[in-house]
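Note that chain A is present in both complexes that follow, paired respectively with chain B and with chain C.
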Partner chain A sequence: MTIEEVRQIILNILADIAPDEDISSIDDNTKLRDQIDLDSMDFLDIVMELRKRFNIEVPEKDYEHLATMAGCVSYLTPLLKNRPLASS
Partner chain B sequence: MNKPPRNWLKGVLSAYDTVVIGSGLAGMTSANLLAKLGHKVLLAEHHYNMGGMATWFKRKGGHVMDISLHGFPCGMIKTLRKYWTQDISHRVIQLKNVRFDNPQFSVNTSFDKIDFTHILRERFGILREVIDEFFLTVRDMNFYDEVVMTTRELFEKYFPGRTDVWRFLMEPITYANGSTLDDPAITYGIVFSNFMDKGVFTYQGGTDHLIKEMKQELLRNGVDIRTHCMVEKIYVDDKTVQGVRINGQDIQCKSVLSNSNLLTTIEQLTGEEHFDPEFIKEVKKVRLNNSSCQVYMGIKTGETVPNVGDLLFSSEADEYCTDQILSKDVTSRTFSFYYPEIRPGTNRYSIVSSTNARYQDWANLSESEYKKDKHHLEQTTLDALEKYVPGIRKKVDHVEASTPKTFKRYTLHPSGTSFGTKFEGLKISRDLPKQINGLFHAGSVGIIMSGWLGAANYGVIVANETDKYLRQLSPSLVTASA
Partner chain C sequence: MRYDTIVIGAGLSGLAAGIRLAMFDKKVCIVEKHVELGGLNSFYVRKNRTFDVGLHAMTNFTAKGVRSSPLGKLLKQLRFSHDDFRLCQQEISEVRFPEKSFRFTNDFEFMRQEVAEQFPDQIDGFNKLAEKILAFDELNLDDGERLLSQPVLESFISDPVLIDMLFCPLMYYGNAREGDMDFYQFVIMFKSIFIEGFSKPEGGMHYILHLMAERFKELGGELKMGNGVKTINASAGTVGSVTLENEEELDTVAVLSSMGYVETLNRCQPELAETGTCETGQVSFMESLFVVDKEPRELGYDRSIVFFSTQPRFNYKVPADLIDISSGVLCCSNNFKYPKPLEEGLIRLTNLASFDKWDSLPRKDYIAAKKEWRGRALEELFTFSPDFRDNVVFLDSFTPKTIKRYTGHINGAVYGSPEKIKNGKTPVKNLYICGTDQGFLGIIGATLSGISMANLHLLR
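Right after this comes the complex of A and B.
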């Protein structure tokens, strides 16, 4: 999976979690929760989706890596690089 | 000849991924989520109705009485949308008229930060900077903080000596999650902030409608729902959950998610011998929360009640006082008014009065004393309501009371506790899976996870842990559901 594909996956997950938010203009280096209305339950949803879709387990100590889009991409790309783009 | 008893487990499978014990809001939410994540789930409820405390009953004359699902924070809309359905979340409506009436003050509020700020300034004369700082402090309270401050100390810091302000801030939260001035401030701060976000909300359609919708959704997602089914034992071998016994029948499962009371789960269902003695020592320190009394008043067909408030915190006590609030001759009552808007099209009204109560005050009475005290509770409640709804005795045609004994009978919670355990229960609940593989608990613990939003969200948090556990056991699940 490419960096762009990983980014798109995060966007898809965010779109499911926060359907009323405009996610097209997300800035990669600003905290996600400062741009869209996300609470700790929403981050838990991201973790559950990643497990469900890709069998990736994000331990609690690594949640901080998911704070920004850039953080998500750099944390998840190595974990997903050998995966084909799964349909979800 | 007697008919043989019905087999409520007819057609049950011999094994499940998860057995959820109890269909309270946390139990139902976790069962739904786990089923959506692809697991085979059995939801066992001992009662004939689902919902746990989120329940209702019907009486002659077309009365439907809601027990307790009246008032939750706006965050519930999102929780219902994400973990239930759009349709369910769209039925949430705001209760705009929250009212206080006591010897210290009489105030109406929409119960949000803007209105509270205004009232604290204009009515109580608190400086703007103090109010803002108070709101910031409670908003930033985090579950992971090591906060040792009590709510009393928090109030003393920002509003020293102002027992009127304390009451204004505390009474509704005592009603919402059972916490008191002497509990950790975090148990106050999180719930208070949730409400202050946008106000108080309820479900349009009534509790019966909500639970029916949830049941349909559980069935759509493949949850095997079994009412009249009492889980009697959780089988553990080699520190790992093996199965359960329900109505005398053994059923295998890889995990158990108990929405039963925390202490019942450990001491009765599992058995202390399966846990480390050090852990059990901590379990013994867990205090149960208090219970409640309620009086349900059904208004006659054709009669009306003017809008005197959606929630009314009424008291004759001079000050807010934890001991007094629990005492049997309490004068502090919360009235929930159910106007026809709650069940559009029915044109019916009902009123439910709630007071906090101690189990021991009701448990050991003779039958005649118990009856007499219940009658007294009904009559004093009607007397108190007369002030707000003149002629109330002529308007009602059904009045009945419930006590901590009633709560115990229907929920099976020890001492009829209506808010689970105190704060220390949360750590025990979270640590259960470290003691026994595959054993999880979601329910009212530690007050943060109490209240309706807390209960539902705690169900999600624990379902996440259960899902993680199940997927570690069977990694192949991934491809199946991806």
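Right after this comes the complex of A and C.
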């Protein structure tokens, strides 16, 4: 999976979690919660979606890596690099 | 086969919990004893008309795009769009007492203005109270020290009539306790009614409940209707299965029950040695529905909801008689901003009622008493509002006894026990509760209760 594909996966998850939110203009280096009003309940959903879709377990101590889009991509790309895109 | 979770009750909290669990691929089954969805916020059909029961309107209205509000959180967690709920806002509501009245809308500044006009010497205190309420964290699940509302309100407001007028809608729409209200519940209700406000879904509760049940089933959840839970089988402090009324036994890893705390523990087999002390709720209502042949506004009823007291002081407690006609709630379902008008006029009148009094009547006296007390409640209403009796084309009433029969809640207590189990835990390790006895009230509150208990105990 490429970096661009990993980014798209995060966008897909965000679109499911926040259907009323405009996610097309997300800035990769600004905190996600400052752009689309995510709270701790939503972060739990991101983590659970990653588990459900890719069987990836994100331990609680690593949640901080998911704060920005850039953080998500750099944290998840190594974990997803050998996966085909099909399951998204 | 073994379920991950059996959810007891297909009301809003049970359906919401079910959706959350099914969303993350848990094997979940909701069991409901009644043949209709909804529990305490349900609907029924008489003579081809569908009537909502439970609350008159949804509280907690916030506009599309507001995501940190209870409604916003709920939509996000269940992955609904704001448009899916088809919410139509109220026109204008009123709190009406003998000497004073104030109106309120979904814009809190309007109410602030009304209070300033009616109680000019109290507005500073009212504003300070509002500040305290806005800063208060009412959703904290930890049990802090008990704080009752009356002393808090008295520290800001010196006119007891204004205090009673603030209490009246908040108690009627969500207080399990007689006489006073836990302050965190007061804050929840103040925000949900005065700061956020009322709306109704186009299509009523019937629409919302089916929307949620369909979502649950699409996600792979199983729903068993008309089949209640006979026993919760918990040996050595751990649930292993539940047995339904038709003797079917369902194995499960955990149980989330919305049937009430005491009601749930009463079904545990073998019987629990220690159930702890938890009082059952007492507060219940009689409600009468009047279908009228005109739009209510043409009959002089232009408010969405009126909370009234015909006595100078408001008394929220189980009445000594069958009902207490001296205060009540009047709801005109038509007076919400629907895209097209409802087919018929509908006026609903709700009064505090005593379960024990209604329950002790023999069958034939029960029917006669419903008619008599409905008449008395109307007479009292007509002391300050126009008479609409000649325009009634259909009417029906239900009592605390009706509520008990269809929902199973002890005493027909619509707001559950005054002692809330905020963390949802029971003496049985993998048995949790959600719904009215967990602590979030109203339609939005019940739904959030199911969501938060599923998140806290069953999804981590």
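Worth pointing out:
To be clear about the criterion, the second predicted complex is superposed on the first by the 86 of 88 C-alpha atoms of A that agree within 3 Å, B and C clash if a C-alpha of one lies under 4 Å from a C-alpha of the other, contacts with A are read in each partner's own complex, and residues count from 1 in each chain.
Just so we're on the same page, contacts are C-beta pairs under 8 Å (C-beta built on N, C-alpha and C of every residue); 3 or more make two chains touch, one makes a residue touch a chain.
Remember, it's a predicted structure, so these values are computed and weren't measured experimentally.
Residue contacts after overlaying the shared chain place A:Ile17 against chain B and chain C alike. Within the superposed three-chain model, A:Glu5 lies out of touch with both chain B and chain C [touch as defined at top]. When the shared chain is aligned, chain B comes close enough to touch A:Glu57, but chain C does not. After overlaying the two complexes on the shared chain, residue contacts for A:Val47 are found with chain B alone; chain C is out of touch. Put simply, chain A uses residues 17, 39, 41, 44-45, 48, 51-52 to touch chain B in one complex and chain C in the other. Within the complex, the chain A residues that touch chain B are 17, 39, 41, 44-45, 47-48, 51-55, 57, 86-88. For chain B in complex with chain A, the touching residues are 37-38, 75, 78-79, 82, 457, 460-461, 464, 467-468, 471, 475, 478, 481-482.
Residues of chain A that touch chain C in their complex: 16-21, 36-37, 39, 41-42, 44-45, 48, 51-52. Here chain C touches chain A in the complex through residues 24-25, 64-65, 67-68, 72-73, 75-77, 79-82, 455, 459, going by the rule given at the top.
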